[in-house]
Amino acid sequence: MQEISKPFDFLNSSINKNVLVLMKGNLRIRGKLKAFDVHMNIVLEDAEKLNEDDTVSQKFGKVIVRGDTIILVSP
Amino acid sequence: MQEISKPFDFLNSSINKNVLVLMKGNLRIRGKLKAFDVHMNIVLEDAEKLNEDDTVSQKFGKVIVRGDTIILVSP
Amino acid sequence: MQEISKPFDFLNSSINKNVLVLMKGNLRIRGKLKAFDVHMNIVLEDAEKLNEDDTVSQKFGKVIVRGDTIILVSP
Amino acid sequence: MQEISKPFDFLNSSINKNVLVLMKGNLRIRGKLKAFDVHMNIVLEDAEKLNEDDTVSQKFGKVIVRGDTIILVSP
Amino acid sequence: MQEISKPFDFLNSSINKNVLVLMKGNLRIRGKLKAFDVHMNIVLEDAEKLNEDDTVSQKFGKVIVRGDTIILVSP
Amino acid sequence: MQEISKPFDFLNSSINKNVLVLMKGNLRIRGKLKAFDVHMNIVLEDAEKLNEDDTVSQKFGKVIVRGDTIILVSP
Amino acid sequence: MQEISKPFDFLNSSINKNVLVLMKGNLRIRGKLKAFDVHMNIVLEDAEKLNEDDTVSQKFGKVIVRGDTIILVSP
């Protein structure tokens, strides 16, 4: 019996974990996933915007990221 | 018991607080969050458009910002 | 008791007032807000397209501006 | 008592009048507005594509213009 | 009595006629309109992709063109 | 009596035939049409990505192509 | 009797297989397909971002890829 979870189950299992978010326009943000909705809008805590070389470019507290700007999310 | 708020609960908790809004086309606006709707259209008060170096480029009174131009919102 | 108006209430309160409309593609138009709908399509009267230095580039009478080209509206 | 017409009422009152249509990609078309629908798809008669200097670049008979390519319409 | 046809009535009256289709990305295709649907997806017969100087760049037999890539259609 | 097929009838009649798919971003793919849905997502078999000069750039087995990246499909 | 599967049946038959995902902005990701939904959001396991020459640019564990950034998926 095959056990296939849906993409949003995967996001759900990443709640309270650190994730890397690749966004359109070469923007990359790292932070702790706190919430998401069906549009893939997500809330990150201790979010950091990254430079090309993975150093931190800007620190945010919490951020809400619009789902339609997201390319991929990886824990 | 896990307590997960939805992204819009997060916006709701930012009402009357200063937020930074990153928008498409490298536009950044700072202001006091006064209102939002399900499309993430938001109203800011004492809004300021920022230059690259975080100095103020233009001052607005109130503005309504279309949700589909928003990349992220951070308090 | 908190009193939060929705973004479209804000547009409604700007009817018959002069507003500045920032649009995609660096287009800026100023005029008197006469009407709007749920898509944020708006009608401006005595509309003027502005140059970079805020001088008037082109005068229109009335214009209808499609909501999905709007970035922000400010009175 | 405030009398606010909706944006599409404005289009309706422009039927059979000459309008200027600004479109994405710096395209400008002038013609007589013959029809429109809720997506702002419009039909123009005696339509002319304009050059930067407002001279006529190309003459069409009737054209149907897709609403989602329109920035603004002005009589 | 004013007689206003809807944009899609206009397309309907162009069935089996040659039309010019302007598309996003400077693509221009000419052919006989054979079918369309509510998304403005269209089928052309004896379709030809045109060069800038209106010479034929590529000949197709039938093609289906996605409506959301269309800017305008003219008979 | 006029006999007008809908665009998707046209796709249906191309099942198991070789088609050329023009996609956004100058991507061209050729292959045997095996399936499609209402979003114009399509499955091609023996798919080949083409270079500018129509030589084969990359061979795929089956591919699923998202409809919203398609410009046109031609048998 | 013709046997035509729908595009999502094709994705379904690729579950637990390695797939190549071409995405907008020249991004290419390879990994084992673990899940997908109706928006073509997909989950990949042991995902690798590829360079132009097919060498691995970055390794991810699991990733969720937004469907609207996908151009094509091939096993």
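Think of it as A, B, C, D, E, F and G in the order they're written, each chain with its own count starting at 1.
Rule of thumb we're sticking to: contacts are C-beta pairs under 8 Å (C-beta built on N, C-alpha and C of every residue); 3 or more make two chains touch, one makes a residue touch a chain.
The shown structure was predicted, so the numbers you read here are calculated from the model rather than taken from an experiment.
Trainee: By label order, what chains touch chain E and chain G together?
Mentor: F
Trainee: Between chain A and chain B, what distance separates the C-alpha centroids? Give it in angstrom.
Mentor: Comparing mean C-alpha positions, chain B is 19 Å from chain A.
Trainee: Just give me the whole-number Å value for how far the CA centre of chain C lies from that of chain F.
Mentor: 42
Trainee: If a residue has to touch 2 or more other chains to count, which residues of chain C qualify?
Mentor: Residues 68.
Trainee: Head round the ring from chain D, going the chain E way, and note every chain as it comes up.
Mentor: Here the ring, read from chain D toward chain E, comes out as D, E, F, G, A, B, C.
Trainee: Please output the residues of chain A touching chain G within their complex, sorted ascending.
Mentor: Interface residues on the chain A side: 2, 4-11, 20, 24, 40, 67-68, 70-75.
Trainee: Quick check: in the complex, which residue numbers of chain C touch chain D?
Mentor: Touch residues, chain C against chain D: 15-16, 23, 25, 27, 29, 34-37, 41-43, 47, 60-66, 68-69.
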